[in-house]
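To start, the structure itself, in structure tokens.
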């Protein structure tokens, strides 16, 4: 355990460096009988992939997932599911120039300090390339959550630099390369990104994820709270600097009479909490937000040090996203799905699928699929 | 494992309900030879305790910690350290009226949904009373971090409703009941809190924690990142709705040229990252911020449901904080200390105390205490 | 985590030294709604207790269990159950003489080597006193297994030195102080033990545990196999030197045609496997055996070293069992119960209580209680 | 987590079915800087491989290990090491006949019961094929243990049916296909095995493993004892039915005066304990024994059931070992090495590499390499 495994009962172990032979993961704990095939990973991997539009890195990822184990005759068997993706378009030469330098804002320096050795090719293990396997594992979790519990996990870009959506329509998110929830603003975003790219600079972003269909009761107090695990999952994504649940930091200036969600005969009357109370799902839609820092890999020169301690100037060529937040949307969805599935299995372990508990309140009817 | 344990190598398991016979914890994994006595817990427990001033809950906590195991002749032995605090001032009658009701903004409803049974006395397990043991365990972590690595963990209130510090001086924080870093504003805060208390309402707050003295290299990629575990630790505190590392959500509107921290001969020239890159400590001061929602327990009446699904009106008498964020400061410090100590042990496990790694850059000198 | 926790989903963390203020445990992960009261622990603690007869240690343990948390109005709530037992009859003076010496066959030397410090009072943490809490936690597991799955776990002494049972009748086991399954031999055992006690020496023993009522399907390949976890659980008991499942070491000289259990229309026709195949329960009775070494604490003098490296002679006064295996019977039962309950919850997590799986073979009918 | 991961800090996750596309593992937690190359796995994989002599399965395994990650320029980087072996000589047709039948003594029935679905090809996940990756991971652990601590782990066949070694010389073990420690008996073993093979039957075996060079202090009481984890590790190997530490079951008939190991000025004077006291290494050689049942796959017909519950007769063709214990020797070594490495890292985490502990007794000199 050097922390390359995520989840307790639905445990995903990822491996691989950006420019090594391959990246992959082992998904341990998937219930048996779930339909699964290699092509099922295509859609989400494409959503995350670079090169979808001129607004993201031009590095072409044509990732083919190979299922190495855990699936027999199209269904999961309950044994570990190993997924493999060979690294193809890895231009190591792009990085040779900076092999001995610490790129500002990158993990080069800290890996060097921690391990005394590092793989400099494309960031090695610290590259966002690793998140490809999170998305792949997330595909399995999303399917199980949908089939067994009717849970749907959807993300969107909720801020790009200063730009905010003038409205949120989840149905238009997949219709543009920015995962933007307001169609009318898409041309504006394209202009913004073109200018940004020309400037050689980058910008931060905010991503929101909404999950609906959750039954009440998921989440384990005290140190396995649903919101606590979502925070860990989302903060573990490259470039994330902040996480909010429900009203998040806006709660700081709120009054209690304003924030607390009242209940009426029909159930909750508002959702400032974001669908979680005491670390356990309320049955309302789950809502969280994530802050992404701007990419540190810029064409603009920067002062840094080399591994010998000499002050040098570094220029990052290579093919980078002017806004990493955009492609991060499916990654955020995947992490939320991984947390929800793990919590669903943990809830089932302690409280059972059915019967032991008989809720007696509105919205408390046991989910028939449970 | 129903998630009442925090940490992997320095593992803290807490137990106890707000109005049960006692609360306590078992600290497993503390290195042997650390000096420890019951009175060592006094200072931090008092900082967290209610009844310190008229601005916090008037419930009097006079918590006496008993060390049940793991210490012999004043030193830790390497065996589990069990700490016990008997619950004394527990006025269960205060809660009898609402035993059958779901208090808005509380975990009553979700515990009921999850377990089909709950202890209604003062919130039972979901009460912030549990955080007393986090503070107690944090005392052990703080001491080890200080003695062995010279690490110092300090928190302060960085926002109270709309009020922000006009300056940050960590040396004045302990001199006022608000953990406020700007002495001149203290009278203003007192006026604000008096008015708030009279109104019967509550307000949110922000708490910042700074840790200095960290060596570079702490934190485990990919799913045990230092920032990821801090996010989980802080989000697990009652009433927390958001967590930021370094610039946090401000990064969303920043340019990469502005955010990335350059390095010069003397090391890093800024700290937008908050002391963490790639999930590993840089050796700079660690900086994180936490958002607390306003207390939901108000004298103001609220619509809710009872366990039979009937719409009812609830009024919370009892003795509650108009701003839970204030007393949360030492709790946030404790969680940061628990994360740091756990990561320190994990780093030592994989990379060794000395020798295996020879850093070669400024600020890279191995900590002599390592 | 310094390994004082047993189990993954039904996690038992024990603490306490033999002569410290108290011993206790935290049981995390117990399903909600299970009836539980302090007096429920009495029977099994008495079975394990010293001083039941002249054949076991005369140290009087009158252990009163206090439930500190996790139970409300007589039922478990799903929150951690903390159990506490104060140490009363602790004659530390008995041990003062050997505080600086390493008792042969004891953990004195290894604790000293590992931690550089140790609590010498009665063996401190390494004392079998710790097993009291295993028995207490086992009571909870036994009850849940019985109520929810109809599983019954029973142990007996299957060998005392050279003495073997002339027959095995589980119904007579509780009728004699040796947990011996053959009533006719009890007088012979008493004579044997009296002579042994007079000689000042001790002897080894073998304990068998049988569990019936298990459904097929419990146990997690590959590294969480039911037999693997039973081996760990039983080997972790003080003085255990060997563990067998089913035919155990007798399998070494068997032929495959003899060992493999054939199946007929009625199901399995034999049980050489001991109820486990591929690490998963078959639905047949579970059968395991444990070897206990003879107590090392003897009145007979022994050569050893003191903590300064001087050769010295040690004589253990104090009150010790001439055969620790006898009282170990309920401890072995408890450990088997803890493993089974943990596996039951893990199976439920991955495979569900019902529905996802429809067995189609004899004995494959889903247990109605599942 | 469905238990396909072994170890806490040196964590090995294996995946793959006997006749799936590939088998592999992810080794997480290996310290950085350890030299490692694909060819390093050759020797131990050959020792375990089938087809080495006419006395083991004739299925030809020509396993080529590919290192997918975690190694850069010939050294481990501290990131997860993924190892992959493609399955080549997989004759699925051999198994088609029994796809719908439960082979006696195999996991077919229990996997079916647990998961409601199974991969029948060559036993699928339950095949001993999985142990290939244990041996591969063990190569890494053995190397680190040898380089850093001078620990050497060696196994041998200590019983084949009724045949026992007339002497134990570890230097001759690698000189014969049986890992037999007494050269003179090798012809006798060949005759025995030829007759056994002709008979179409199989036989059990015992394997011993000795590890020397251990420092005192490895092992974590109470539930992470060195002997407890060895028992779990060894019992988890296919076909194992018993585990002993030191004198094991022989302790049952021993007197305390005979079993306890006395100490003199030179240290311990005997080693009945097998190098472990209180779950912690004494610094003496570690000694454990394992019982293997006879293979259940025989040419001899057997009564069983098919998945529809019909009584049928099964004959296992295919290529099986008449004595699985022989090739299990390197597997046992690997599991012991995995346990030792994990415990070494865990000890380092809690007690440090150096300094915190200053042993003061013979044999207590800190290992200079620590």
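Letters A, B, C and D mark the chains in the order given here, with residues in each chain numbered from 1 onward.
Simple rule for what comes next: a residue touches a chain if its C-beta (ideal position, glycine included) is under 8 Å from a C-beta of that chain, and two chains touch if they have at least 3 such contacts.
Since the structure is predicted, the reported quantities are computational estimates derived from the model, not experimental observations.
Ranked by how far their CA centres sit from the centre of subunit D, the chains are topped by B. The chain pair B-D and the chain pair A-B differ in C-beta contact count, and the higher one is A-B. Once the centre of each chain is set as its mean CA position, subunit A and subunit B turn out to be 26 Å apart. Taking the mean of the C-alpha atoms as each chain's centre, subunit B and subunit D sit 44 Å apart. Along subunit A, residues 1-5, 8-9, 14, 29-30, 32-33, 78-79, 114-116, 125, 221, 346, 350-351, 356-357 each make contact with two or more other chains. Across the complex, subunit D meets subunit A through its residues 1-5, 7-11, 13-17, 20-24, 26, 28-30, 32-33, 66-70, 72, 75, 77-82, 84, 114-119, 124-125.
Across the complex, subunit D meets subunit C through its residues 1-6, 8, 14, 102, 104-107, 109-116, 125-126, 130, 159, 161-162, 201-206, 216-225, 227-236, 238, 240-249, 251-265, 269, 272-274, 276-283, 291-298, 300, 302-305, 307-309, 311, 325, 346-347, 350-351, 356-362, 364. Residues of subunit B that touch subunit D in their complex: 9, 29-33, 78-79, 221, 345-346, 348-357.
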